[in-house]
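Encoded as structure tokens, the structure appears first; notes follow it.
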């Protein structure tokens, strides 16, 4: 397959939850080396937008395209190149952090370099609890397990829903460095957060969700 | 006409219970469904009307 | 293409159309029922074997036919809905289910009331009666699923999937029950072939079946109007309609 | 930090074994999780034994009566045991978010539902087969009948898991999910019950059981072809 440039485009997207229409006519484009920061009050559809971008839910109207093709048709290519970390960590309580990583990599059909995984877990500050079942970890630690899964996966596009919740100061700093490195290396990020972010030298594309037609750049 | 008299018709050759039991059940079922349907419809309209006025305030 | 018509017919126009059709189907169902009853009670001769009890088939067989026919119509609308994602098709199958369940129950009831004089027992594990019982369970299952899911989009699609799986299973269930029944009891007197099928009786049953069919259409269209109002509550035309109504 | 290892990597494209490997991963994963939580597994097995053992208390101890009733009782208990353990199929993964990660895998979702149904069969179905001979003795079934009973359950239990996976996917996250699942799926179990219990009846009464078992196998093949796809689309609908 000819390698078209990696690009996430959203065309006239509309989303509804139950009876309420959350947003309509959403258009934006995200290129390599950019971070889309989705802002908006609670319940305005931030999480719904992210789930639409992943293809977990189908939009009321409009389309999400990856490399120019709608994600519905190029599902396997798209899912091979993106990783999603949602509100819920996707960490199994009965497995240890390492087992969680290994299982997540197997599910995502990605090669897992054991040493790299262990090193990532240590770097995420989980060296003390490597062999404990995730059940005993705190929410913040479980969040770090999910984020280390993200790093190990090494996908091109990161879709993160409030990645900083539950993290202490060191955790937040760690995530910020991860984001900077990922974007600097030509990765792409779509994320929502309520906390202020110190991302120097990152091309941030702000996006407000919630008004009827979300105009990008309305920081 | 097959039936000499009215009560012969009702007796239905001794099988009155079964014949009228069946037809009666069908009649009850149909009438019940129609009544419930009309009442349900008017209730829906009332409820929607209330919600509409509530939303208008 | 007729299906396209359905895809583009907005609920508003269908609401009006259904409104006009309901009385037509309703009255024709009533007239046909009267004709059918006349045939059943005044034209059909007494059966030498079963006396008057056999007259129950004029209501039992149409009810059984309708319970299966309505399930297949629901499967049709479910398939259309899943293929083209048309909301109206899902609403139609939701509107049909209660009537189908009613006919399934009535076919069981009339079957029992006919079994008593013929076989001496209120309930007989005859292949047809047993399949009707399982079909009734399928109806109950689908309505329970719809009731349990609040989100309409999910309820529609989940219900449609269950109906389609059920539709695949109905013939298999009927075959397995028939196989199971003939092994245990031997070929019992089958329902339809009991008295010699004089053409008059066939006509009687046909008229009653069509009456039941028209009745189902009338009821389904009436019910679908309520569902449309409920779902299109936010739209302008419903708001105007409600104001006109007060 | 290593470079972004897996950009779009064309070499992965023609790896024809990845679907099978993914299926095995899903099965291995569920078996591992079940092994870590042996309690749930045990309760389901004891449920099966206890339900079956209740019937002689209700029906009475005469061996002839029990022999006649035995196959049906064991089969109905197998249905109930599988229905008891099915809501767990997706519920925990749905709650902790790993189900979403599985749906976001590049591999088709059908493999997820097929893998989970097969894992459910291995965890809850196969142990039933090991317990059945003991219960067969309880109902004074002759050795040959117990053999046919075990074979019929061997063919039947995957059907229960596959059809059950549809119910589990449809009722995901609903309140009263377990009872609702039973209401939806029990009618679909009828052919399996009739052919399965009928096979043992055939063996007991001497009219032969091969017809029943072949029909049961045919129903299994049909279910194997239909159920995973339906469950996969049901999952996508429920996750929405």
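Annotations for the structure displayed:
To keep things simple, chains are lettered A, B, C and D as they appear, and every chain counts its residues starting from 1.
Just so we're on the same page, a residue touches a chain if its C-beta (ideal position, glycine included) is under 8 Å from a C-beta of that chain, and two chains touch if they have at least 3 such contacts.
These numbers come from a predicted model, not from an experiment.
Think of each touching pair as a link: the shortest run of links from subunit B to subunit C has 1 of them. Set against the Cα centre of subunit B, the chain with the most distant centre is A.
Centroids built from CA atoms put subunit C at 49 Å from subunit A.
Work out the mean CA point of subunit A and of subunit B, and you get 57 Å between them. Mean C-alpha positions place subunit B and subunit D at a centre distance of 43 Å.
Our note on geometry: subunit A versus subunit D, Cα centroid distance of 35 Å, whole angstroms. Counting only residues that touch two or more partner chains, subunit C has 151, 233. For subunit D, residues touching at least two other chains, in rising order: 240.
Contact of a single residue of subunit B with at least two other chains is seen at no position.
Within the complex, the subunit D residues that touch subunit A are 1-10, 12-13, 18, 21-22, 25-26, 29, 32-33, 36-37, 95-98, 100-108, 239-240. Across the complex, subunit C is touched by residues 166, 170-171, 174-176, 180, 183-184, 186-188, 190-191, 194-195, 198, 201, 207, 215, 219, 222, 226, 230, 233-234, 237-238, 240 of subunit D. Residue ranges of subunit C in contact with subunit D, taken from their complex: 82, 134, 137-138, 140-142, 144-145, 148-149, 151, 153-154, 157-158, 161-162, 164-166, 168-169, 172-173, 175-177, 179-180, 183.
Residues 41-42, 45-46, 51-53, 55-56, 59-60, 63, 98-99, 102, 105-106, 109-110, 113-114, 116-117, 215, 219, 222-223, 225-226, 229-230, 233, 238-239, 242-243, 245-246 of subunit C are the ones that touch subunit B when the two sit in their complex. Of all residues in subunit A, those touching subunit D in their complex are 1, 3, 6, 54-58, 75-77, 79-84, 86-95, 99, 103-104, 106-111, 116, 133, 151, 153-156, 181-182, 185-187.
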